[in-house]
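There are structures below to look over.
Heads up, the next two complexes both have subunit A, just with different partners, subunit B and then subunit C.
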Partner chain A sequence: MDSSKLPQTPKRINFLDYFRLLFPLVYIALLAPLAFPDLPLEFKLALFLVCFCFGLLINAKIVKGVLPTILASLATLTPFIGIVQWAKCSSFEIIQNTVSQCVITETASVLVTFGLGTSVFLLAVTNEWRGSLLNSINGLRIPRSVRTISIVGSVLIGEFRKTMARTHLAFSARGQAYPSLHWRNFFILPAVLGCVWSAVLKMSADRLDLQWSSQTFWDKYIPHKISEVKTSSFDLIILLIAFATIAFLILSMTKFYI
Partner chain B sequence: MITFLRGQNFSGRSKWMEDRRGTGFYPKFVLVNHSVDTTYTGLTWTVREELQLVSENSDYGRAVETFGLKDFLDRELHVLSGGESVRTALAVAVLHSPDEIQIDCALEQVDDTWRNKILDFFHKDKSNQSLVIADNHLINDSIGTIKDFPITNTMQTVWSRFSAENALSYVQKITSAPISIKNLSFRYKSSENKVFDDINYNFLPGNLYFFVGANGSGKTTLVKLLAGALTPQIGDIFYAGKKFNPRISNSRYASLAFQNPDYQWVTNTVEKEIDRLRKMGQKDKLNFLEAFGIDRVFLKMSPIELPFVVKKRVSVGLAALSGKQWLILDEPTLGQDELYRNNFANFVKSVLKMQVGIIVISHDSSFRKLFPEAKTVIFKDRTIATE
Partner chain C sequence: MPPTTSNVPTYILAAACVALNVALGTLVYLLKLPIYLDSIGIMMAAILIPGTAYRAFSISSIVGIVSFIIGGFLVNPFLPYFIGTAIAGAAFGAFVVRGRVSSLLTGEASLGTFISKTVLFGIGWGIIAAIVSAPVAVYLFGGVTGSGTALIIAFLVKTGQQVLSSALLTGLAVEPIDKTLQMLCAIIISRWTPASFRKHLSA
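Entry: the complex of A and B
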């Protein structure tokens, strides 16, 4: 008798598979302190440092790659937050020792909150990174349609990055001025950017015609069955940090309410 | 099995390949054309990721070795040089294991050594995979069969109107100033290795310079540095003895026609592309197109929709029109037939007489032979030298 025709024995679901399923909740648990403004700033700062250092330990390359963007956004954000907090602290309703002390305390609080959110996001990215964007998204336990949209969306973001580089080349090729430094170019820059973007999209459309229109293509690269993602020792440590965070939150709340 | 398609531009070779593919052809047919991006899956960022993906994490080492990808495995796909891109695309095509790989205007960008190795690989390949190449320069009846494509339309009459005299009337009479490169070193941020290490060179006006070297030896990088698209980390470039700083200099000295002409369009019609460079009447624009062997019907079309050979001609024509002291042309004869190449060679010789300096990157040795008086600049081991 052909054994392949026999009904398959249901595969036993590994406990670790369930364990991985918990991970979105684990990251949310690490973000939970953001919902409690009264928590000590020192705790948020400590958690921020732990998450950031642990993310660095898991995959320093990704953290280093994203760090310039984060620092640039911080450099832009800090003065704005300072101005807003200064306006808030200057108003007579808020009584503090001095306005400057108030601005420093309030600004630091916002920045630590921002830093904590970013560091948890970085930790999640470094821990879920599976060598490539495609593998990472395919490794997530989300429906295939959502995975497909995520992958195509990421590809288009990448294409836009290519557009920026090509716009610079297009300007240079004409022997024209450096686009960012000459005011006249700011008027034509949107039109040029649109034109280059359409050229890049045309290439994507050609690819659609040559490869992406085929069902075989998507079946090959975005499997219907979610690929197995093995748990690592990092997962266990992240889980422990999340437990500790939740425990601290519960203790703090008990202290507040008793 | 290799099939060479022999025919002039617009003889229907690309259409023949398209008809052969039909619809719903993936993954039986894979096309590698001038825009190698369409061969990549588009789902990855680096060469290694792409190979891993297409090979489904099986061994892709043989493809790396066959197509010589080892030195740039971790580089991003969109920053590869022309030849490197084509070699990567061919490796990807082979890993797809299609019934047929079609190469259209792509292998010309690969240097002689690797081109011969690749053809040898396909010639000796025992699999049933067939290779179709539309490139007149590579035809070799000892390793494959030839399929001829006679001219059946009227485009040929337009091509023949490319005349050096007419085209020359659109080049401004500007005597070029010498370019000096002093102690220049350059390294891409994404790479650990330097492309150039302390190079010095002088380009003199009214001369023709051919940049020659293996894929990835820095030919296009130097051209981008001269055009101001890149800035040297160490060392300087001087135009007419004056230090060139692309971030400050409002007026550039060189115009550039890229290897991939799609990199240089800034508007949505050929007409607007001309307008951006020089104001001229409708009749003059049509004459300009014909002078460079381009049919009038393309004037109102979007440059990205043009056939590749026409794109190349438009990009070269626009570079000539921009009126800069130096004309830098990256693979100007890519995909072009004998007729255009001979006319173009006459045009280049006439421009040189106007004391405009010209720099040409070309892997086309038969085109280079048309200029015995030209200086050949060899790119090797992170340095450059005249042959």
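Entry: the complex of A and C
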């Protein structure tokens, strides 16, 4: 018997599918400790580690891809934080070893705050990733206009980068731009950008005359409604961590104010 | 805003502004320039999006939010925390700059008018950006955002200023210069918008 002729079993909607709609709020709940500077550093550090490990567990490839950018930023951020905190701590005219302790404590606090924000951001991205950029953005419950801008914008980034490299090469060949640090590069910047902008929009206008003018194309590419609610096995755990965070915050508030 | 083919050109323009914001890092790297140009697309969207100022504000805000989230991934992880600055820039562009730079876009303005308007709007945008970004920089990053301005903040703190006022003063000194340059770029690039694309936009 042909299996395609068998009656389809209706899809059972898990209770978690309803909670899926609340996931933007779940990520905000995980970010909530950032708004409370009095919270213990250990709690923020633990939450950072939990979110980071979950992100790694859900999709290690994405985390590995973004990690070099984050580490490069941390490499420049840490000394600058140290300088500002040193200026802050030493202006209180306290003894030398207390100044160093003060600098270490304050710098660690800022780094943990940054780490927590970044790990929640990574967790959200890894959990919402659906195999491709198109599916991931279309899977988010955001207005179609925002999805259109995000998807086309992501596609155009590559076009801009390629055109920028080509235009820079052309300007360098004519001796108008320099491949090294040179004051003339400042003056040539608007002209280079103008050429790039013009080239990419010209290409977009050509596409608007052909493929992009079709309503059917857009309906297929970026659907009006997201019919399928997708839940992952990690959703329940993330939901529980968010509940635990909120519970801890409420308990902390009670401790602070009663 | 129902997504029909009639407003597709508007979305393409907004998407191009997002891509410009994110991809600019590549050009800044190729030209070895010591600047961050992360908001040109927001101002261009506010100036070029057809329709009312409210529509321009909403779309340029989306441009700011999307570019700062994607930019947080590809360029600078601090960017998503400064979405408020992007929205403030979109509001300034849509309600203050939009409609007042038409002569600059068509090339009818004299050199004096061009310079004075660009500098005036650039300074205004810079002041707003400094006021909005200072509290975020202080409460989340201890006054530091990964740029060399941290040294100025440290100097001001050492002279007895609070970290918040130091970050604000530094922002007020640096942001107007950066935003004037971005305003200049936004106006010049907007003039390069091809006639074929403008035709689609006004259809």
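We adopt the following convention: the second predicted complex is superposed on the first by the 181 of 258 C-alpha atoms of A that agree within 3 Å, B and C clash if a C-alpha of one lies under 4 Å from a C-alpha of the other, contacts with A are read in each partner's own complex, and residues count from 1 in each chain.
What we mean here is this: a residue touches a chain if its C-beta (ideal position, glycine included) is under 8 Å from a C-beta of that chain, and two chains touch if they have at least 3 such contacts.
The shown structure was predicted, so the numbers you read here are calculated from the model rather than taken from an experiment.
Asks: I'd like to know which partner A:36 touches here: subunit B for first, subunit C for second, both or neither.
Replies: neither
Asks: Can A:157 be said to touch subunit B (first), subunit C (second), both, or neither?
Replies: The second partner, subunit C, only.
Asks: Under the stated touch criterion, which partner chain does A:234 make contact with: subunit B (first), subunit C (second), both, or neither?
Replies: After superposing on A, A:234 lies clear of both subunit B and subunit C.
Asks: Looking at the overlay, does A:212 come into contact with subunit B only (first), subunit C only (second), both, or neither?
Replies: both
Asks: State whether A:168 touches subunit B only (first), subunit C only (second), both chains, or neither.
Replies: Both subunit B and subunit C are touched by A:168.
Asks: If you tally the residues of subunit A touched by each partner, is the higher count for subunit B or for subunit C?
Replies: Of subunit B and subunit C, the partner in contact with more residues of subunit A is C.
Asks: So, A:19: does it touch subunit B (first), subunit C (second), both, or neither?
Replies: Neither partner.
Asks: Regarding the shared-chain residue A:76, is it in contact with subunit B (first), subunit C (second), both, or neither?
Replies: A:76 sits against subunit C, while subunit B stays out of touch.
Asks: Quick one: is A:202 in contact with subunit B, with subunit C, with both, or with neither? Answer first, second, both or neither.
Replies: In the superposition, A:202 contacts both subunit B and subunit C.
Asks: For A:248, select first, second, both or neither according to whether it touches subunit B, subunit C, the two together, or no partner.
Replies: It touches nothing on subunit B or subunit C.
Asks: Of all the subunit A residues, which ones make contact with subunit B and with subunit C?
Replies: Common to the two interfaces on subunit A: residues 151, 155, 165, 168, 177-178, 181-182, 188, 191-192, 195-196, 198, 202, 204, 206, 212-214.
Asks: Taking the complex as given, what residues does subunit A use to touch subunit C?
Replies: 34, 37, 66, 69-70, 73, 76-77, 80-81, 83-88, 90-91, 106-107, 109-110, 113-114, 117-118, 121, 125, 143-146, 148-157, 159-161, 164-165, 168, 177-182, 185-186, 188-198, 200-202, 204-206, 208, 212-215, 218, 222, 224
Asks: Which subunit A residues qualify as touching subunit B in the complex?
Replies: 131-134, 151, 155, 158, 162, 165-166, 168-178, 181-182, 188, 191-192, 195-196, 198-199, 202-204, 206-207, 210-214, 216-217, 220-221
Asks: Within the complex, which stretch of subunit B touches subunit A?
Replies: 24-27, 31, 35, 37-45, 49, 52-53, 56, 78, 224, 227-229, 246-258, 262-268, 276-277, 304-305, 319, 322, 324
Asks: For a test of understanding, state which residues of subunit C touch subunit A in their complex under the given definition.
Replies: Residues in contact with subunit A: 1, 3-5, 7-9, 11-20, 22-24, 26-27, 30-34, 40, 59, 62-63, 66-67, 70, 72-78, 80-81, 139-144, 146, 150-151, 153-155, 157-158, 160, 163, 184-185, 188-189, 191-194, 196-197, 199-200.
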